[in-house]
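Let me give you the structure first, and then I'll get to my questions.
Labels run A, B, C and D following the written order; every chain starts at residue 1.
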Amino acid sequence: MTASMESMESPISITRRETAGQPPLTAELHRLYDGMERGLLVPLWTEIGDLMPVSPVSAARPHRWSWTALMAMARQAGRLVPVGRGGERRALALANPGLGGRPFATPTLWAAVQYLNAGEHAPVHRHTQNAFRFVVEGEGVWTVVNGDPVAMRRGDFLPQAGWNWHGHLNLSEAPMAWIDGLDIPFSYQIESTFFEYGPDSVDAQETPDRSRSERLWGHPGLQPVTQVAPTASSPLLAYRWEVTDRALDEQLRLEDEGHPVTLAPGHAAVRYVDPSTGGDVLSTVRAEFHRLRPDTATPARRAVGSSVYQVFEGTASVTVGDARWDVERGDLFVVPSWQALTVTTGEGVDLFTYSDAPIFERLGRFRSETAGGAER
Amino acid sequence: MTASMESMESPISITRRETAGQPPLTAELHRLYDGMERGLLVPLWTEIGDLMPVSPVSAARPHRWSWTALMAMARQAGRLVPVGRGGERRALALANPGLGGRPFATPTLWAAVQYLNAGEHAPVHRHTQNAFRFVVEGEGVWTVVNGDPVAMRRGDFLPQAGWNWHGHLNLSEAPMAWIDGLDIPFSYQIESTFFEYGPDSVDAQETPDRSRSERLWGHPGLQPVTQVAPTASSPLLAYRWEVTDRALDEQLRLEDEGHPVTLAPGHAAVRYVDPSTGGDVLSTVRAEFHRLRPDTATPARRAVGSSVYQVFEGTASVTVGDARWDVERGDLFVVPSWQALTVTTGEGVDLFTYSDAPIFERLGRFRSETAGGAER
Amino acid sequence: MTASMESMESPISITRRETAGQPPLTAELHRLYDGMERGLLVPLWTEIGDLMPVSPVSAARPHRWSWTALMAMARQAGRLVPVGRGGERRALALANPGLGGRPFATPTLWAAVQYLNAGEHAPVHRHTQNAFRFVVEGEGVWTVVNGDPVAMRRGDFLPQAGWNWHGHLNLSEAPMAWIDGLDIPFSYQIESTFFEYGPDSVDAQETPDRSRSERLWGHPGLQPVTQVAPTASSPLLAYRWEVTDRALDEQLRLEDEGHPVTLAPGHAAVRYVDPSTGGDVLSTVRAEFHRLRPDTATPARRAVGSSVYQVFEGTASVTVGDARWDVERGDLFVVPSWQALTVTTGEGVDLFTYSDAPIFERLGRFRSETAGGAER
Amino acid sequence: MTASMESMESPISITRRETAGQPPLTAELHRLYDGMERGLLVPLWTEIGDLMPVSPVSAARPHRWSWTALMAMARQAGRLVPVGRGGERRALALANPGLGGRPFATPTLWAAVQYLNAGEHAPVHRHTQNAFRFVVEGEGVWTVVNGDPVAMRRGDFLPQAGWNWHGHLNLSEAPMAWIDGLDIPFSYQIESTFFEYGPDSVDAQETPDRSRSERLWGHPGLQPVTQVAPTASSPLLAYRWEVTDRALDEQLRLEDEGHPVTLAPGHAAVRYVDPSTGGDVLSTVRAEFHRLRPDTATPARRAVGSSVYQVFEGTASVTVGDARWDVERGDLFVVPSWQALTVTTGEGVDLFTYSDAPIFERLGRFRSETAGGAER
């Protein structure tokens, strides 16, 4: 599967078509194109339509994965595939049908279900890819980050910025699954990945209810005045469900009281941020949680870059470009670049989502557009 | 050629090998893998070696293109292929032999020779991709940027930040060629490209010696106190050879006088920057000019991200990873991510180079390493 | 009292002393000095010792104000002086004995006790000076900030960034007092103050337990994804005692568990920050809360800039420069620029403090020094 | 003169007036005020009019100093007062008549004429105050900054950021004078000054035409790619007249050609910036050069903060607040905070100016207003 990316010579092939804007394909021109191919050259004029479209054309396709089906596969893998050094993680990645068979949910984002049986360890390692975990159901697993054990429970968001040591262990009596989000496809394409092995098993028999990071950083508006140098990534390792739920609930109550604090009527939304900067929780990944009231419809919105959504609770009817699905708890779907998304609720829905927006914002390339009121 | 990127379903295929860290390929496991493929899922444990290597493994290969050969092709194209709306530019792009036959010099960078006959116009357009031109020989072409005509002459560097209108016209009696550098492959992979047509021909019969941008911004340490809002990109549209040459020359003279201002003994280097910020001239592209004295050898250095070099004057012996070439005026070569580069001179060399380093720096991913003294 | 600052001509007087580095005071030199005075000129050479000392020499003096004495005065003022338009606030400001009789706690900082009787209103106004309130005892007052009522209770810190409308009302049956901290002296010296009157009384008969700002922004690591433009100052208007207390307590527990998260052994400290940036809560004022265990002594530390401390609970023995006091609940003291502070506890102490450090940091002028380990 | 700032107790005195908004001065209230004075307390309500005016009321007064008169004094000082260790500099500072007889041109800015006889040295020292020199006439002096000799000639602007070693020497056959601008009053008020002696004389017998800093950094849009860490202040130590003159001339020519690049019709202006950041050349001082065509009048403009102007060439009629003067070559005048400035030319004028604007911008306090079109 990885052959095309291995370091073997690929034959160069120039698109030869007599379409508008192209010169007639004379014998002389064919000879020039043959020579260019041998010389490892390709004309702009034959490829410009593909390379420089009027607006983003995504290779990725809108797609939905059913949580029930995913969990069935994950459970089977739990039975058949051990977790250990080398394979590292029992993770099943979403493979977008437009992306060449690779385990890429979108051209930049990885999304996988990870599954850990009772008593299992996922060995310690670190990598430059940014990661996070989000828990749609279950509990009992601890991620140990640089020695700090962090419990994982339904609704929790757990960022894992690049180059921090981490392993997982399941201290409960039952298997547990969650989703892993990373920037693996992006890091892979730009060829910037480092990886290092740590201990084979996780050394944490203490499993406190709250991680040290939360005890130190989980106080709104307060920072420790320590002599410690600032870190490159969020010092807060768990964003607990109780907090997220309360923040969303308050937005909707404030709306009820007449204050325009929601993203749109009936639509509350919070962004996970690094408390030491107020910026996105990871340098390449934006993560948010959205709550829509019953009988709410979002206007069509499209943005540069791609995103992944998971239904946390409730149901909704969703359109992405030309696709349309009904989604329910645990279902995942992807929104390719510049394809319009709408969400319509019956009984209301809670949605977790992440995207690659910080990449575009940091490079001055972000654009978005909402029906009935453009933003950039 | 673009078929694989078109929006058709790609079959998912899981790598099935019984190597270290992999579970035995039992019939049951084969059935699980079959099911996963149908469900658009791929395991991490079978792909991790490819996706998360210990250090960057580039699909791109070190390669050199001879200027003589490039120019021969460009001249033929000048004879056979008209320039006009649709094809937009008579540009021949370097196609790295490791990148699937696509016109990508590296996974992020585009490098092309553009060629314009006497009297020709290249029509006006704009795009979100960042671009620049660098002139290794010749003169007579004017790039008109948002109505400001900018002459192009040997040694000049001309940035063209995204979403500015621009066209070219050749007012001389002879053809002229130069290189175009862009972030087309990167923009393509992250699917963030917008493009818009302007007038079919360039409206500039005035061709002053210096552009308005230079007259307003080309004064070291001074900025106009205008009411104009700051722009997103460098307001200076031409970095002239005389200035670059003098800056390099001064570095070497200062070194002769005992001041350690060069990058390394015998190795002067300047970076092109946006005078309004002091930062890289383009948000995704770093551009520099290096001058090595005769009989100078650079220590092996490798960096995350890729770069393209063009010999401006002189000759050198170059190694990139396992490749080794003698290069001379006009020759272009590419350095893939994390492959070590050395340059050794006989009579000295002047090198123009550009890279994708700002992408990595802005996202907190840059690393580099120099033999005999690590940097990060 | 303000005569010297009124816009009348001050006679110029040159210091005439025959000290080291000074020329002999000949008749001719006296005549030159006389001429310079008439011409509104002063030599550097006669004043340099005062103007450019080797390290900061503060005009301010270390001083302590007893809370008991302050409150006695405040109560008397509550009986004799009405609150209303014109006088605006019943506030008694600390006047440092070294600062010319002006109501300046330090050359940059204002510190005052404000006192509001049951049923009173302090009229609405706004000003460019940054302000905050800190409550050492009592409750029952609401500050209404741009229409958002914010309750004030013991231990709460309430920032009031410049140019926001605000008024106070006492809805309880008893008087209430608190301290106001502002950058009035700094703003006065640099002559940057604007002031505007709002309504004469505060229109807020609803007094919810939590302000809208807390409901929207008081969730650690979460930000509302609203369309609202970012504000210039902290969107969080109340930092509640429960949160501060818990954060300090956790630091000391983590220390007990072996993690070096405190500022120094036995010394926990948190800084109040703007959750939208992670930076200081006000652009000119840093505010922190420190907790020292029993039998703890801080090393002598001095810093550029001045600070004010208030004992929130407990007692301590304090030295500032050559001064030494025992302090108890409510007592206030000032630390002038570059004078060393030590705090020694018997039964432990909780200290609120604020300083002008952001001014120096933003202008590249901050320095500090701790005995037994310099920082800058 | 410095008595009031020495660390002796100042008596506290409360303003006792029965004006609007003040309580009746009963015997009881007098007793309260007496007690407050003894307790080092001052009411806000008696002082608020002075401390918190509706808009900035400057203690400084508009004033002009005639260059002829200044130079006469400077020459006399050159005859009577030696330059050496202790007095450090033969500098005559402008003393604003509203600022208590102190050598402060404005509440934040120092402006002085410095005078050095042929063959004299001004000893090496460094201080945290930011400084610059501007030369209205003459040449022959070299400022040696951290060992780099920098020639000073008519029209040159030479920044001297805080904490860099510097001394001056006059290698010519004639005396030379120039103006020194510093933030001494601001640094003094905020009590942040450090000072250190270096060698008693300047060790630079080489006096090249261009400093090393110019040879390394004086190339528009180019930066050296050295391993040297970034410095806190502008690496460019001389901004030469030829460059400034050309930049202004080009702005006016571009205006003639129909391009709206000037600050206002007939009014060209450049700001001196740090080429490594594009920001103000000093963290506390903004410096600019303005050129007005003949028969040009600027609209009234007022800004928070103060500024000093020096006529470089030509004449003008100037109003500042209620003052009005005709000014000519070398004359200096000050503009206090929030007082409106207009300049009207007959034959045109070249003006050098500096202000404290970066202080206000960095602290979020800047405002300005131009008649016929407000800015903030």
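Basically, contacts are C-beta pairs under 8 Å (C-beta built on N, C-alpha and C of every residue); 3 or more make two chains touch, one makes a residue touch a chain.
The model shown is predicted, which means the values in this text are computed figures rather than measured ones.
For the pair subunit C and subunit D, there is no chain touching both partners. Set against the Cα centre of subunit A, the chain with the most distant centre is D. Of the chain pairs listed in A-C, A-B or B-D, the one whose interface repeats that of C-D (more than half of its contact pairs identical by residue number) is A-B.
Centres computed as Cα averages put subunit A at a distance of 53 Å from subunit D. Between the Cα centres of subunit A and subunit C there is a gap of 44 Å. Look at where the CA atoms of subunit A average out and do the same for subunit B: the two points lie 29 Å apart.
Across the assembly, subunit B contributes no residue in contact with two or more other chains. Interfaces, counted as pairs of touching chains, are A-B, A-C, B-D, C-D.
Subunit D makes touch with subunit B in their complex at residues 212, 215-228, 234, 236, 239, 243-244, 246-247, 250-251, 253-254, 259, 261-263, 269-278, 281, 288, 290, 375. Looking at the complex, you find that subunit D touches subunit C at residues 1-2, 4-15, 20-23, 26, 28-29, 32, 35-36, 39-48, 50-61, 63, 65, 69-70, 73, 76-77, 80-82, 84-103, 107-108, 112, 127-129, 162, 184, 186-196, 232-233, 283-284, 304-306, 336-338, 356, 358-360, 362-365, 367.
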